[in-house]
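First chain A sits with chain B, and in the next complex the same chain sits with chain C.
Up next, the complex of A and B:
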């Protein structure tokens, strides 16, 4: 991960600040930075979203393709994740430098979305055993300023909300061969149910307390972090520990409780914002990358 | 526990309060003048008898010399500049310091004050003990002593006010936003101290007590700082970021005015776009009144 070098004295300052619940930028231990979310930024995808949190900038594009369903579950579609750490973010990601981080993030996303209840996979089925929708989710890290997974999960949820999959009509001709016809009407499309898609909360342990939405400097002071994916009802779908330090079972319990609380509070404002954006329709001011 | 999500808003052009002079702004490729009588300075090149800009910035004209001063650039050091830098490497008889310039700056072992303040020739033991004084990752404040032929800066900390920095917060801004002043070390009346490095690195730290004044940076106190001091430092940090976002020149007065305008708001709310705009407008107003 793009890490910053900080000295002992700065680390001590940050740790004492976290202990007193006043972080360097004035936030409390459970406050997120100001987030800006925009959907439909990439025109040739079926759904896209861009999330800016501090200086962290994540772009997600979703393309729906017709493919063969997995043999174990013939009546469901599936998701494929690919995370690209752009060299834009830091020179360390040049060439193959960002591959390690990218594969780490994508394996976490696979784990989070492997839960049967997050997304209705049966809705992605066209013809059981033969055709189904495969959603290729591409995540592009444009700028890294800490807390990549939280921003990525919010961006994926927003992109899934804005995804429009064209409706398919299966027609059989005389010889019995099936033909798939995609509807030409751009408004005749299927939307996905994203109510139960989880959001990831990263909690970093600094000293004896833990913080949400750590910046790169705070990350450099923490030895271990916990990744929790939480749905809107507060159910935990996946927990992962990252980092070289050890975590006490007591602190894991406390951090999980905080994660549940914070994660639950993420969903309501996000859905409200996405619905608000949709209501604006044509009146929406497209900001994109040059705003 | 607050979550603030919103749709992005396009940046609005803030109406210029002082319409005194129209600035001549150029982007790379813009023709500055076709008059052949001018000498070309930094940031320009000759393209078929026409003087063209090679960087994005403001055109400066001094008699017959035309140069373009870029808005966002790496730090180009001059002798006498005060910089805040981070040690990246410990080499033989010198340290490499990162100062946001094109090349890492150099801090020679002979340019630092030895502990105890003795004036003696540096011995082999001093060379071996370099890491005990300054390690990789440490922050220092120093002054530019000279510039090497390749453009790298040679720093020195041969004064008690320079040296290793203790507890505090580093804010990184563009070097072009830091105003050149007589002194770059300020003890702000709001209760914190600030070092404004010409290289864009600004260091905020709690005002040291009387007894620490002459320490010279050898003893880093790791005592917890009081909550009141922390609040002042966090508020200053957010104010500096707000001023940077609106491209206001940074110097002690502008930072102080911004701090005072931000008093009614909560520290963490200062970075919200609408509150940033409000605070910076007020600061600009006060600065104009003070100047005019």
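Up next, the complex of A and C:
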């Protein structure tokens, strides 16, 4: 992550504040920063979303292409993730500098979405064993201010919600060769069920307490973090510990409980917001980067 | 031209524009707070984002340091979802490296590098949506970003693409026109002095057609220059209102 250098005095200040449930910007330990979400930002993708959390800015674009299903599961489609840490965020990501962070984030995303219940993959099947929809989820990191995975998971959920996949009609000629016809009507499309898509919550351990949605300065004070992916029912689908320090089992248990609570509370307002945005329909003002 | 009619009999192009008409331009400066300078531009359906870091100490190898002026480092990349067919690698391929070199050449001509010896200025451009005129959108966005960063330049750098169809020069080509017409000229101009920072064309063109094509491109660049000037002045007004001057 784009690192920030802070001195010992600042570290002590942050740790004392966290101990008293008061962070540098006035938040409590379990509060998220102000989040701005907009869908349908890039028009030539099938679904897109932009999330701004503090200074962190993530843009997700989803393109649906027809491909061959995996041999192990012939009646399901699949997702392919690609995370591009662009040089926009920091000059260190120029050239191949951002590849390490990008592959770390994309491997976490693969793990989170490998759960069978997150997304209905059978809906992405066209002809079992022959054709299926492959969703290429491309994540573009524009600005980095800590808490990348949370913002990325929210953006992916919003982008999947706004994804419109054209309906396919299979016609067979006399020789038996199948022909796929994509519907021309832009409104004749399939939407995805994103109710069960999990959101990732990153908890950083600072001193004896842990915080949600850490900024870069707070991350520099913490030795270890826990990544939890939580569904709207509060079920945990993936846990991962990151960072050089060690955590003892009680902390992990406490952090998991906090993560479940915070993650569960994130889903309902997010879905409500996405549905409200969709209701606006044509009246929606496209802001994008011009706002 | 065979196939798609790039210019109809009434003189209208595929999207209804006249041959010398530019696409709708919307731009915004200061998009990102963390970078030294940033800008976003939309030219029709082409969307480009430019970010400037610098001037700062030369990163990486010390050999690149120049004792009398600043080093300009550009990187051009496209988002994987920017083109109709998904692009596998955002940057690193030959075309992106070539574009980065062109951008570097363009801005070395415009930025007053003598004021910052032994330092480096980074310009990173990202195409979010590609619909023709990628190079021009990049240059225009980068100009605004450099101005947003407060780095002094000789003049605005305005760029435009132009093509030739049936004895008529077309200006500000979209993707269909770029791939259909064959000739595509990219021109980067410093409008006040009329100096050309970059001129590039790879196609066959009759010698007699070169002058009208360049004239059309230069006129388009000058109008673009006025649009960019308007954007900068409006941004300054907004900022001065916010800071209470």
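Everything below uses one rule, namely that the second predicted complex is superposed on the first by the 291 of 291 C-alpha atoms of A that agree within 3 Å, B and C clash if a C-alpha of one lies under 4 Å from a C-alpha of the other, contacts with A are read in each partner's own complex, and residues count from 1 in each chain.
Just so we're on the same page, a residue touches a chain if its C-beta (ideal position, glycine included) is under 8 Å from a C-beta of that chain, and two chains touch if they have at least 3 such contacts.
In this text the structure is predicted, and so the values were computed from the model without any measurement.
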Requested in this report: For A:261, decide between first (touching chain B), second (touching chain C), both and neither.
Outcome: first
Report task. Have a look at where A:143 lands relative to chain B and chain C in the superposition and call it first, second, both or neither. Result -> second
Requested in this report: Kindly classify A:91 by the partners it touches after superposition: chain B alone (first), chain C alone (second), both, or neither?
Outcome: second
Query raised in the report: In the superposed arrangement, does A:44 touch chain B (first), chain C (second), both or neither?
Result: second
**Report entry** When both partners are placed on the shared chain, which of chain B and chain C touches more of chain A
**Finding:** B
**Report entry** First (chain B), second (chain C), both or neither touched by A:279
**Finding:** neither
Query - First, second, both or neither for A:289, with chain B first and chain C second - result: second
Query raised in the report: Do any residues of chain A touch both chain B and chain C, and if so, which are they?
Result: none
Query raised in the report: Contact residues on chain B for chain A in the complex?
Result: 1-11, 86, 88, 135-139, 165-170, 220, 222, 224-225, 227, 230-231, 234-235, 237-238, 266-268, 270-273
Query raised in the report: Across the complex, what residues on chain A touch chain B?
Result: 5-10, 12-13, 16-17, 19-20, 22-28, 30-38, 52, 212, 261-262, 265-266, 269-270, 273, 276-277, 284-285, 287, 291
Requested in this report: Mind listing the chain C positions that touch chain A in their complex?
Outcome: 26, 28, 31-35, 38, 40, 42, 45, 47, 49, 51, 53, 59, 73, 75, 77, 79-84, 86, 90-92, 122, 124, 126, 128-129, 131
Report summary line: Listed in rising order, the residues of chain A that touch chain C in the complex are 42-45, 48, 55, 57, 59, 61-63, 65, 82, 84, 86-89, 91, 94-96, 136, 138, 140, 142-145, 288-290
